[in-house]
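First chain A sits with chain B, and in the next complex the same chain sits with chain C.
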Partner chain A sequence: MADESLADRALAPASGIAVYDGRVTTWLALGYIFTLAWLPAGAWDALIMAALILWFVIGCGRIGLRLIWRRSLVAWPFALAALTLAIARPGEPIAQFTIGGQAFTVTDAGIVATATVMIKSWLSVQAVMALIATTHFSELLTALAALRLPPLLVMILGMAYRYLFILQDEALRMLRARDSRSAALPNRRAGRNLRWRATITGRMVGTLFVRAYERSERIYAAMLARGYDGQPLTTPPPSLRRIDYVLLIGGSAACIGLIIVAYT
Partner chain B sequence: MWWQWIAERITLGLHIPDGFLHAPVALLWWLPTVIAVGVATRAVRQSLDDRAVPLMGVMAAFIFAAQMLNFPIAGGTSGHVLGGAFAAIVLGPWAGMIVMTCVIALQAILFQDGGIVAMGANIFNMGIATAAIGGWIARPLLTRNGSFTTNRLWIATVTAGAGWLSVMAAAALTSAQLVLSDLPAAIVFPAMLGVHAVIGIGEGLITAAAVLFLVTTRPDLLQANAPAGTSSARVAVIGLIIAAVTAAFAPLASPDPDGLERIAEDVGFIERATDAPYHMLPDYTIPWLGETPLSTILAGLIGVAVMIGLIWVIAALLRSRPPARS
Partner chain C sequence: MLTITNLTYRYPDGTPALRGIDLAIAAGEKVALLGVNGAGKSTLLLHLNGTLRPASGAIVVDGLPVTPQNLRQIRARVGLVFQDPDDQLFSPTVFDDVAFGPLYMGLAPAEAAQRVQQALQAVGMMGYERRAPHRLSLGQRKRVALATVLAMQPSLLALDEPSAGLDPRARRALSELLRALPQTMLVSTHDLALVADVFPRAIVLAEGRVVADEATASLLAHHSRLLQYGLI
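Moving on, here comes the complex of A and B:
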């Protein structure tokens, strides 16, 4: 399952951005996504500039723009919901159609709103992908901790990340075991009715819960054995270098610039 | 098949991506989320002590993995559990909220399921609301004199109902947030609630089967995680959730999104309303700067500053109280 995410690429030596501090990349990515959220509908110049900035950064990081584009399609099915915006906004009517006796009018303002939402959504997903392709998850947590996220929550997130793929593998093994026990003839549905199938799945969820719970008890015992007393034992993150400050200021200026371009 | 993939993505339709919510709407929903997660973090630290990190961390990973356990429905589509109600029934409402918060955050960061700015809303819909239903509606009904009830039919009914209700609540909240961001209510509400009324049946069946499995095999686990947290904090969060849900549905009371303003104009008290002291930023502009772009930007900045200030003050209040044990 690990290959499903770009997180494994975080340590790829080819990445140029990886030499920068994880806090800088995290904060800039978050700032970029929050800036996108504030851009109004139809701010094409700002959106195009935002896209070019992001793609320039992705290009500099040698992450692979094509890979990012291919993976970024995950957000598009939800874009179907954005299509409804086309009929929701009042404006100049462009087309009309009827579904189930109710008339819908597509307006120019509606199409602008739909396109804006889709572009913003697509760019935000690419920014998150660029972030996790360049920043290791532990660095990301350091950046979030510096933003005053409760330390307990940061530690829980770190623990969850560590056991994520282990428990996913456990779930995959259970699914494989179920498949191997429920062979089906072609063109004949295997298993009983929906309720029965859901119940079996529910028992699998229960089994997985018991295994995970017992695993957490073993982990707790192991942590205690190594001297865990509820406090995180981490080396303090290194102070930011001059280049990090330059990048932070430059990135913030770019974000503010986008807002100014969009609203003037 | 591509259409199966799309269908599966639509059943994940509760993860709002970035770009869909208006920035003020998205930021507003961070507020109840931050409060609830802050209270939950304190409660979990008190009740679990230093067990909190391994237990909550592995449980978050468990929910993540449990969402992979799917079952075929029809036409190549499959259903799986959301897990918020189950986590809260088994571990308690606060622990359920922490677990679901971590799951949704990891999904957004690692797999781009759900947005970053929209994460506040997503955590509230799928984490806080579902855990509140499991923990504060189902759990009290399942507890008799401080121990878990043994009536299997009752357990099945309550847990299945809580599972279905949790999905419906999440779908209703998601729809409300989308409608507040100008998506048409006439399409969003019937589509989301219709699809999730069916998906919720799967959630209910899985939740009931999973809880019954635990009642049979490991009843000690259900007894071990006894209810925790002070009652006043519980009441506060319930009030918060009710307020948030009411706020979400308030604009829908009228078919016209600005119905209240319309009525105000008709009745003629719109002039008085604009004079009200709380109307500080009329139509998102600063009054003395007129309707210029600068005015809009400044109004936006003031709004963000107020939001950040509120969150900071609440976080400071939560932090200042000494923990019961350490």
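Moving on, here comes the complex of A and C:
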């Protein structure tokens, strides 16, 4: 029912990277994110190179950099949490302010840490977005399983992902239902007041979780009815091709290069 | 009352669902919308209150074009009931769901409560006010879904298979209700008994086009055409 569900957003067919093995894209994305995490605060040259490498890859994959940037905006609320680093780090004081009688000092080390964390999280989110745009979730699970993640964990991830779909689908249906009866009469104020609308929305959230849970129960029952016995359904993945190894080696070299640049 | 000109629609995945629909319905007319599964009935109805936006073409309700700017006013005039009642109902209780439309329009709570009673009475669901809609049977949900729109007293009812899943008595009650209601109606259905009972005019869709638009009596009289359109 959902017009724009997560599934529709998987851009795989349009993308050049999609021809590569899902395991390769997953490992490279994970490797990139771990490498970023490893870079020390203030390693600007390495961070700039990391960004250029990522954007180059996204460009080669014809995923659309602007699309990725727009989607990466979801990370900003989390990045705001990094702001607290600016006052938490000891260092040379730069500015001072008071909130509610409490004095805070912004330090130089704090600002460097904040900026680093923000850039890292922004780049990491972009890497994940590029991964999602090119790799189907089932391939991602295969890649994780091949990394020796416990099968149970992989299965739970798969289930959680499916539940997320259901949740999103139910949410979109409910919002559409509400919109379709949000009507205005001439000469009368529609929508009552903010408090009433907030109450309605609050109740919808509660109903949403019950509905999504009950629907996933029905789906699970249907799976059991068709012989699903709790074992993850997997076929052995095909072996990696030469191009896959080339990409993996190239990607690893780039990651190691970034770390060397950052620490020397 | 309702004018549709050259309406086409294509789903985001590329499926062409409507290919140039033209039709006009006068005030007070009750029209059945027929056609096999996938003919485009639901897609057409979803356009009437702007849930779907046409790729091209125009829809005018009571002189007001269906455009993003007019949606709120359009939705006061067009009461759309989705085919799947789970697409219609979103509140924790039946009462809340039926009361939503009237309250949102700005009616006083007492008046809204009265509308809820009337609407639930009309569909035979009195006494279910405190129940959770998603825990009702399919037929019960279909009836509550209809009540949510009746309570808003729109001038055009766009119902998507209202009799599907109803038991015989509830069907008969629905048939009587639709006959008694004064509103203009465009109702998709596979239920020829209902069509014969309620709707003097029938429109047949096939592959997103209008292939017949005529008096129900003349359509139902031709066995071969009903077969051809896949209606029997």
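Throughout what follows, the second predicted complex is superposed on the first by the 170 of 264 C-alpha atoms of A that agree within 3 Å, B and C clash if a C-alpha of one lies under 4 Å from a C-alpha of the other, contacts with A are read in each partner's own complex, and residues count from 1 in each chain.
The working rule: a residue touches a chain if its C-beta (ideal position, glycine included) is under 8 Å from a C-beta of that chain, and two chains touch if they have at least 3 such contacts.
Quantities reported herein were computed from a predicted structural model and do not represent experimental measurements.
**Student:** After the superposition on A, what does A:M129 contact: first (chain B), second (chain C), both or neither?
**Tutor:** Once the two structures are laid over each other on A, A:M129 reaches chain B alone.
**Student:** Just checking: does A:P150 make contact with chain B only, chain C only, both, or neither of them? Give me first, second, both or neither.
**Tutor:** In the superposed model, A:P150 contacts chain B only, not chain C.
**Student:** According to the contact criterion defined above, which of chain B and chain C contacts more residues of chain A?
**Tutor:** B
**Student:** Classify the contacts of A:A177 with the two partner chains as first (chain B alone), second (chain C alone), both, or neither.
**Tutor:** In the superposed model, A:A177 contacts chain C only, not chain B.
**Student:** Looking at A:A225, would you say it contacts chain B, chain C, both, or neither? Reply first, second, both or neither.
**Tutor:** Touch status of A:A225: no partner.
**Student:** Under the stated touch criterion, which partner chain does A:F34 make contact with: chain B (first), chain C (second), both, or neither?
**Tutor:** The first partner, chain B, only.
**Student:** Output check: A:L140 vs chain B and chain C. Expected answer is one of first, second, both, neither. What do you get?
**Tutor:** It touches chain B, and chain C stays clear.
**Student:** Going by the contact rule set out at the top, does A:A103 touch chain B (first), chain C (second), both, or neither?
**Tutor:** Touch partners of A:A103: none, neither chain B nor chain C.
**Student:** Between chain B (first) and chain C (second), which does A:T207 come into contact with in this model arrangement: first, second, both, or neither?
**Tutor:** After superposing on A, A:T207 lies in contact with both chain B and chain C.
**Student:** Residue by residue on chain A, keep only those touching chain B in one complex and chain C in the other, then list them.
**Tutor:** Correct list for chain A: 4, 174, 191, 200, 203-204, 206-207, 210.
**Student:** For chain A, which residues are in contact with chain B within the complex?
**Tutor:** 4-5, 7, 30, 33-34, 36-38, 71-72, 74-75, 77-78, 80-82, 84-85, 87-89, 102, 113, 116-125, 128-129, 131-132, 137, 140, 148, 150, 152-153, 155-164, 166-168, 170-172, 174-175, 191, 194-195, 197-210, 212-213, 215-217, 219-220, 223, 228-230, 259-260, 263-264
**Student:** What does chain A use to touch chain C in their complex?
**Tutor:** 1, 3-4, 8, 173-174, 176-186, 188-192, 196, 200, 203-204, 206-207, 210-211, 214
**Student:** How about chain B: which of its residues touch chain A in the complex?
**Tutor:** Contact set of chain B toward chain A: 5-6, 9-10, 13, 15-21, 23, 26, 37-38, 41, 44-45, 49-62, 64-66, 68-73, 79-81, 83, 86, 90, 98, 101-103, 105-106, 108-113, 115-117, 178, 182-184, 186-188, 201-202, 205-214, 217-218, 221, 293-294, 296-297, 300, 315, 326.
**Student:** Report the residues of chain C in contact with chain A in the complex, numbered from low to high.
**Tutor:** Within the complex, chain C contacts chain A at residues 12-13, 49, 51, 71-73, 75-76, 80, 82, 84, 86-92, 96, 100-101, 103-106, 132, 134, 148-149, 152, 154.
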